[in-house]
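Below, chain A partners chain B and then partners chain C, in two separate complexes.
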Partner chain A sequence: MMFDVSIITDRVEPILHGLLVTFQTWFAGVLIGLVLGLGIAVLQLFGGRWLRIPLRMFIEVIRATPFLVLLFLLYYGGPEFGLSLEPITAGILGMGVYGSVYFAEIFRGGFQSVPKGHVEAAECLGMGRWQCIWRVQLPQMLVIILPALVNMITILCKETAVLSIITIPELTMVLTGIGSETFAFVETLLVLCIGYLILIELSSRLGLWLERRVGRFLVRS
Partner chain B sequence: MNDVTTPILTLRNVGKRFGTNQVLKGVDLDVQRSEVVCLIGPSGSGKSTLLRSMAFLEEYDEGEIHINGQLLGWQSISPRRRASRSRLNQVRSSLGMVFQQFNLWPHMSALGNVCEALVRVKGLTRSDAERKGRAMLDKVGLAEKADAFPAQLSGGQQQRVAIARALAMEPSLMLFDEPTSALDPELVGEVLQVMKQLAADGMTMVVVTHEMGFAAQVADTVAFLDGGHIVAKGAPRDIFHDTEHPRLQQFLQNYLDRNAFWQDLKETPA
Partner chain C sequence: MFDWPTFLESLPLMAQALVVTLQTSLVGLAFGFVIGIAVASMRLSPTPLLRRLGGAYIFVFRGVPLLVQLLFIYYLLPRIGLPNIPPIGAAIIGLALASGAYIAEIFRGGFLAIPHGQLEAANLLGLSPWQTLTRIKVPQAIRLTLPALVNEMILLIKASSLVSVVGLADLTRVAQNLAASNYLFLQTYLVLALFYCLINIPLAGLGSLLERRLGRSA
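Up next is the complex of A and B:
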């Protein structure tokens, strides 16, 4: 079998653009997911029963919905409820909502890992609830939850491939398009894999660097 | 309100239940300015629950606690309605709490631990907070450890940082829950030394402790808690030497027996 490099080199620009779109939707989706997830976790822990029950239900329902179905609901079902979104907006939002429930569960575990006494100490010093979360709980739980967060972030990176079905021109859509146009499936799929590998490698390296940084206080002199 | 005869802290008929377990059964206590009260009693008698109620870390469900004349934790007593968090914090601002497990924040240096609330709660600038924080660390003999993380400090040093952190907020009342119980024996002395100095400086203190020597030496009042009641209260000499109370006698006898054991060892010829 011939490996035809020119198929790729002739189309560097659309491929790079696809990579960029993948990166953008992933990045924006992760950001929304993290913020939403933290919010859900905090409200679940401190919001009382009337928030906890609906939030639990939200988490269970979203977790039971395949990403593909969630996207369809948002993009094709949205207009029925007066929510007409651009594909890219629907994609980012869908990714954010989908990721948020997993992030929420990771954060919830993180909050529970912080000794109650550390929170009580902050309370006795007059610190507010949000100050305590931001300054006392989050920084020390980050060391524990970072690996799980990074793991989820890499999973979301690959989930962006699904966005092609709502016509977002991301990496998978671009390369499978080239593949069916030229019948050069091996070349295009190989490049596709390399594309995701680069993104995921980047995120795990960033994760490891962060882990070392935030974990410095654990080192005994 | 700053009248010398007005207690800083008053407990009236304070009760606390965990489910069906009535832990505190109507506790009355007054603590005067500059008084040192030591709370002693058998394990499980409710000492921690009582002390934690004084900081509203436990919501006492009967009676009233006043700090400097202000009702702690509740907005109204009947029906019981919780005070807002800002109101609670305002009443709580005159007390400092020291825990058995230190509860330093592990991701901040010693100085960071002391400065945090100065900046976030008192609104000091970072540099003012650090100046004050260093002075506080100096007061507990740890000026040179300002940049160390808790994991780099011994238990005794961590507890002294925790005391400095509480003192930095300038409380008028300090609460200690078995501050030396988590420490290796050779580290107990340095913490007790700091507490003695505090008492000598006129700090008002309530101390839950098993250090009978400390109680005998430093306390103005010793209160013996048993079964959710303060069953005996008085000057150390009355509590430790002249008590008629059978439960207290038995409790103290356990300590005497243990000391006698060491005494015997010392006196046994080699």
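Up next is the complex of A and C:
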């Protein structure tokens, strides 16, 4: 079993392009997931019973469904309800929806971790509910939930590999493609593993750095 | 909208595939459990080399996406002299190796939560390290980490949908085949999602029930 470096070095350009697609889908998916998740959490906590119950059901159903199945539903089932998407759009949307329920749970925990006294104080000072969420609750909870958010974001990075199954040309698809073209499975799969390990390590390092940075201002009682 | 005859016709196939999914996940979880206990013990061992090895295992198997791990096993096992591993074997090995890394982290927390005095007492009573592990540490760690273990099981059942890429006729694979022949993509995949929900939502309920129960008595 020889390791043939030229298989990789001859194809740096397509591999880098695959990496770029991985980054794009990851970031876009995380962004959509964060926005949707925050929306779900806020509506769940402050929206009353008629919103809370359907949102709870949505969270439970998405959490019970594998990411791959969600992608199949969006990409192959979508045209039947008038949603014909490009693979990459379906992939990003799928990541967003999948991530949103986990982010929503994290945000919900965060809102509940902000001391009640702060909210009451904000009310006494004449802040409205949204002002209180935006100025008092969000800034404080973001520090507390940062580790959980970073953890979920790294999990989503790994989930991008699944996007290859619906033919999105990200890192996994590009490298397994090269593998079946050249039969050099060892080289391509090793590079793939190392690539993901570097990505994961970098993002968790970045997360730790952020935690230290924003944690300076938090006074824990 | 919903094509009932096709649905009813596909039910026996889906039920069969459900068994395959449950089998692979459960057997994978069982092996992952053993790997997890071993790796967690390594992580907490006094020997630096073992600690390093345990850490490296967790780093690699938690860092690489499961899909890539499965492809690795599927393509590489035949090349290192283990040909003809049936898809179910490759799938179980993949799920076991990956869940082992997650369970190791769960168990590490569980082991650390056991009061040190108990281990000293076990030592004084002449229990061997193996006896201490199987009689003192593991039973208590399981009780302490039960909600996390149930959660890991849900994650594993979901992750098992990826074994369809190594050719195992699990729920996802069978639904793909059905959709390819009946062209009812939306319906078939909705039924597929429903199957996963029917397993995982009760499991999630069990998990949060255990969490409340154990939280109260602790």
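Rule of thumb we're sticking to: the second predicted complex is superposed on the first by the 217 of 221 C-alpha atoms of A that agree within 3 Å, B and C clash if a C-alpha of one lies under 4 Å from a C-alpha of the other, contacts with A are read in each partner's own complex, and residues count from 1 in each chain.
One rule holds for everything that comes next: contacts are C-beta pairs under 8 Å (C-beta built on N, C-alpha and C of every residue); 3 or more make two chains touch, one makes a residue touch a chain.
The model shown is predicted, which means the values in this text are computed figures rather than measured ones.
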So, A:158: does it touch chain B (first), chain C (second), both, or neither?
second
Name the contact category of A:99: first (chain B only), second (chain C only), both, or neither.
neither
Looking at the overlay, does A:72 come into contact with chain B only (first), chain C only (second), both, or neither?
second
Applying the document's definition of touch, where does A:192 land relative to chain B and chain C: first, second, both, or neither?
second
In this superposition, the partner of chain A with more touched residues, chain B or chain C, is C
First, second, both or neither for A:64, with chain B first and chain C second
second
Chain C touches which residues of chain A in the complex?
1, 60-61, 63-70, 72-73, 76-81, 158-162, 164-165, 172, 176, 179, 185-186, 189, 192-193, 196-197, 200-201
Touching chain A in the complex, chain B uses residues 55, 57, 85, 89, 92-93, 95-97, 99, 101, 103-108, 116-117, 120-121, 148-152, 162, 165-166, 169
In the complex, go through chain A and note every residue touching chain B.
115, 117-118, 120-129, 131, 135-136, 139-140, 143, 214, 217-221
Sites on chain C touched by chain A in the complex
59-60, 63-68, 71-72, 75-76, 79-80, 154, 158-162, 164-165, 172, 175-176, 179, 185-186, 189-190, 192-193, 196-197, 199-201, 204
